[in-house]
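The letters A, B and C name the chains in turn, as written, and every chain counts its residues from 1.
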């Protein structure tokens, strides 16, 4: 269960302050909505540890997340774009989800290949992200998130601008994760995304 | 990549082991270059000393002095070779040098040389070298140069940064005395530019045909005549006489091998060393080589008068004379 | 499998590995400078201070240094800005590759070769005046004087400036160009809305950098300056140190130089030259620019000629000597030695540069902005402090190890690396500060830290700037003869030393040949490293996967 209570963030340049409250339990998906600039992405970045809160609490399974650096948090983020390293092949991008030094065993390689099949990218392992369509790139990003298998998934407009097929596949994958007990926080403008995935809603105001 | 780096470092730092004592000599780079006297001198001396002769080339003769001052008492060199009459006073003042204790009766210089510390190993005159194709009739005196038509341009070196530059400053001073600043002003219109060092003047400008005359040494044409086989570049003899350049060596007080150092200084005044000087250092030998002096040296100019200040005088007045020159020319 | 990555600690991932290598480099540099000054101050006399305002000579020297450096910087930038814009407007310009290589070359040319080359073209009897005569113009160009100094400095620095400004323009996101094209913006509005804001961030740092290069320029100022009135502070320092043994005056002048250049540097870095830069998506040669004009091409061709002519002079003069040299093994051995030294220097310099940038970034992220600035400034000390002072400092620090002249070349490589550091930092700083933020976040989350981050993220992303920086470092090292002569060289010369030895032995033709070999070598080094940087490299891991795919097919 992920809880955040009076989680305050101050933008260094504008001095604007945001406060977040909410919680989401195992096997649930929390949809965060609200107008542009209300701090949806900021919330995700606070949970992931890319930004640091000024005060308040942020807990995962009763453990305080705030002292932990991003790589020690049980979190995987998927952004709208820029998830992949363009200089690395699809294989390596996925491999990094398993071992940061790309020291992969035979079984790890098998897992990567299986995951590629699962997201419908069979045979694309040697391509580079720049050779893929936007939809294909996002499939790779989600595939890596699943390979990492962290119990907390942070999705920041992950399906925006994708073709209906890809959307369908990715939504299904996310639902599967949720059913296996993962906690999902979803930021999306798209009502159908929210409707098809979310169990709880958090509406932020500007 | 790491392996490659390792190999390179290994090669770079590979050092050789030698038997016998090592005599360390500080000198300037052209002395030890492939075409300088260094390699032959090393071979000849090692054949008779049962030691290793090691040259350490510093970037100029002034750099040798600079190094001595930096190292002070901890200096491990045995001999310094390459100081000249204009730096030797400062070198003496460091107190790091020892009397040479050798027989210098073989020395033949245009001036009487009596010094208990410094042993001369070669000498020459400063002179203007000119391109006979551009300038068939060069000026025959400093006066004639100063009064030449304005379109006659010369290239000189800066006395603040170069040996020939300082030599010319002293030359002007010796000839004109207190009139020197006025004469510098009169000469100004002929000076194309003042370079940092001899190489810039000779290579970048003179050899590019920028001016028909460059401040150099009276011995410079020897190399062109003997090796390039061309008489195109000649030194212009000046009626007032030419300023003398003497290059000297000395041994260090803290030398670990004082006897060997003394032996080297003595060796310096033998034909085995001196015969390498004329064409490899392009200077006059400091002893009478007799028939061994290359023929081209007979065809060099022989100044009517030798101009020379005692080193002590130079040391005392150098700064004032340079300031005087700056005031006269830096307008 | 899922838990494995979060418990794993990548090698060298402790924050001290980000902080300490850079701090060590900075400390080393500060130590060298401190030792250099302390070596001089041992003979300190207060009289030197009053000299500073009493001596008309010193006042004139300081004034002239500032004056010529300001003019040179202004002119270099005035030429560089239109050239960079024209290059950006014409990504398919026929001579673009050649022009870019030449822009890199002029800076690393050894001064004696550069002086020779400029004189051959612009001298009294150079090609320009011959051409003017040929067409019957009464006008003759006089090289010597302030105009000669400015010409040389523009020749050295405008290309560097154009190169760095072009990088700045290329960092403007493609979308902004598309929008500008849709709005039909012409040259003027484009300049105001897109180009100037992008260049404004680079310009202060670049201008100060060029100012310092011109301020400390020495041999070329004397040679082309025409007389002792063209004297810079470095000449006065050299004179005090080497010929007058007035160590306190040398130290004082060195401090004046450090003060003038250093404070300019701090002011420029306070203006945040590298903050808030747009993230770099910089390889988009097909940028939509509607304002390309014919006169851009004319400008580019003129600039190409300006850069190429002097180099051609070196080639022409060198060819006859080269034939004689080819049979001389000495030149090839020297070439080998020069290359080894340059390679080591380049690798060391880039490593030091990355270390400093990593440490300063860490400091900035922890809110220590001053120490971040100091770290980066330390990398420029070798530029701010006169070489003779540095040499003295290094000598004092290293003397116990200097017993064997055979260590000379390794030492030279190390010192060359430090000397090249300001140039390396200049090239790397922008790209390092503008790595795509999402990539960095993803990397953090994936535990891509320590050596893994270097291997899989930084080296590939910084590949092009790193190789360019390496080329500059290697080039500077290839052309260096001051350091190698400073410590007492072994009899085995590098190429520049060989050139000087040939000159002092009156082997003018061989020396011209050596100059040509050196120029060709510089060109080849820049060409190869650039080609390497441009090549799209497929990762070996993809081949590994191929095997994996078969196994699971």
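Just so we're on the same page, a residue touches a chain if its C-beta (ideal position, glycine included) is under 8 Å from a C-beta of that chain, and two chains touch if they have at least 3 such contacts.
This is a predicted model, so every value here is computed, not measured.
Engineer: What is the shape of the graph in which nodes denote protein chains and edges denote touching chain pairs (line, ring, star, complete, other)?
Structural biologist: line
Engineer: Which chain lies at the heart of the structure, taking centres as C-alpha averages?
Structural biologist: So the chain sitting closest to the middle is C.
Engineer: Can you check how far apart chain A and chain C are, centre to centre, with Cα atoms defining each centre and the answer in Å?
Structural biologist: 42
Engineer: Just how far, in Å, is the C-alpha centre of chain B from the one of chain A?
Structural biologist: Each chain reduced to its C-alpha mean, chain A and chain B end up 76 Å apart.
Engineer: Could you put a whole-Å number on the gap between the CA centroids of chain B and chain C?
Structural biologist: Averaging C-alpha atoms per chain gives centres 35 Å apart.
Engineer: Which positions in chain B are in touch with at least two other chains?
Structural biologist: There are none in chain B.
Engineer: Please output the residues of chain C touching chain B within their complex, sorted ascending.
Structural biologist: 39, 57, 60, 112, 115-116, 119-120, 123-126, 144, 218-219, 222-229, 231, 235, 238-239, 241-245, 330, 340-341, 343-344, 347, 392, 395-396, 399, 403-407, 409-410, 413, 482, 485-486, 488-491, 493, 497-498, 500-508, 511
Engineer: Touching residues of chain B toward chain C in the complex: what are they?
Structural biologist: 5, 8-9, 11-16, 26, 29-30, 32-36, 38-39, 54-60, 62-63, 66-67, 69-71, 74, 76, 90, 153, 158, 160-161, 166, 188, 191-200, 202-205, 207-211, 220, 223-224, 227-228, 280, 282, 318-319, 322-323, 325-326, 329-331
Engineer: Quick check: in the complex, which residue numbers of chain C touch chain A?
Structural biologist: 1-2, 4-6, 8, 10-11, 436-439, 441-449, 451-452, 455-457, 460-461, 463, 538-539, 541-542, 544-546, 548-549, 551-552
Engineer: For the complex, give me every residue of chain A touching chain C.
Structural biologist: 45, 48-50, 69-77, 79, 81-83, 85, 87-89, 91-92, 95-102, 106, 108-114, 123, 125-126, 128, 147-150
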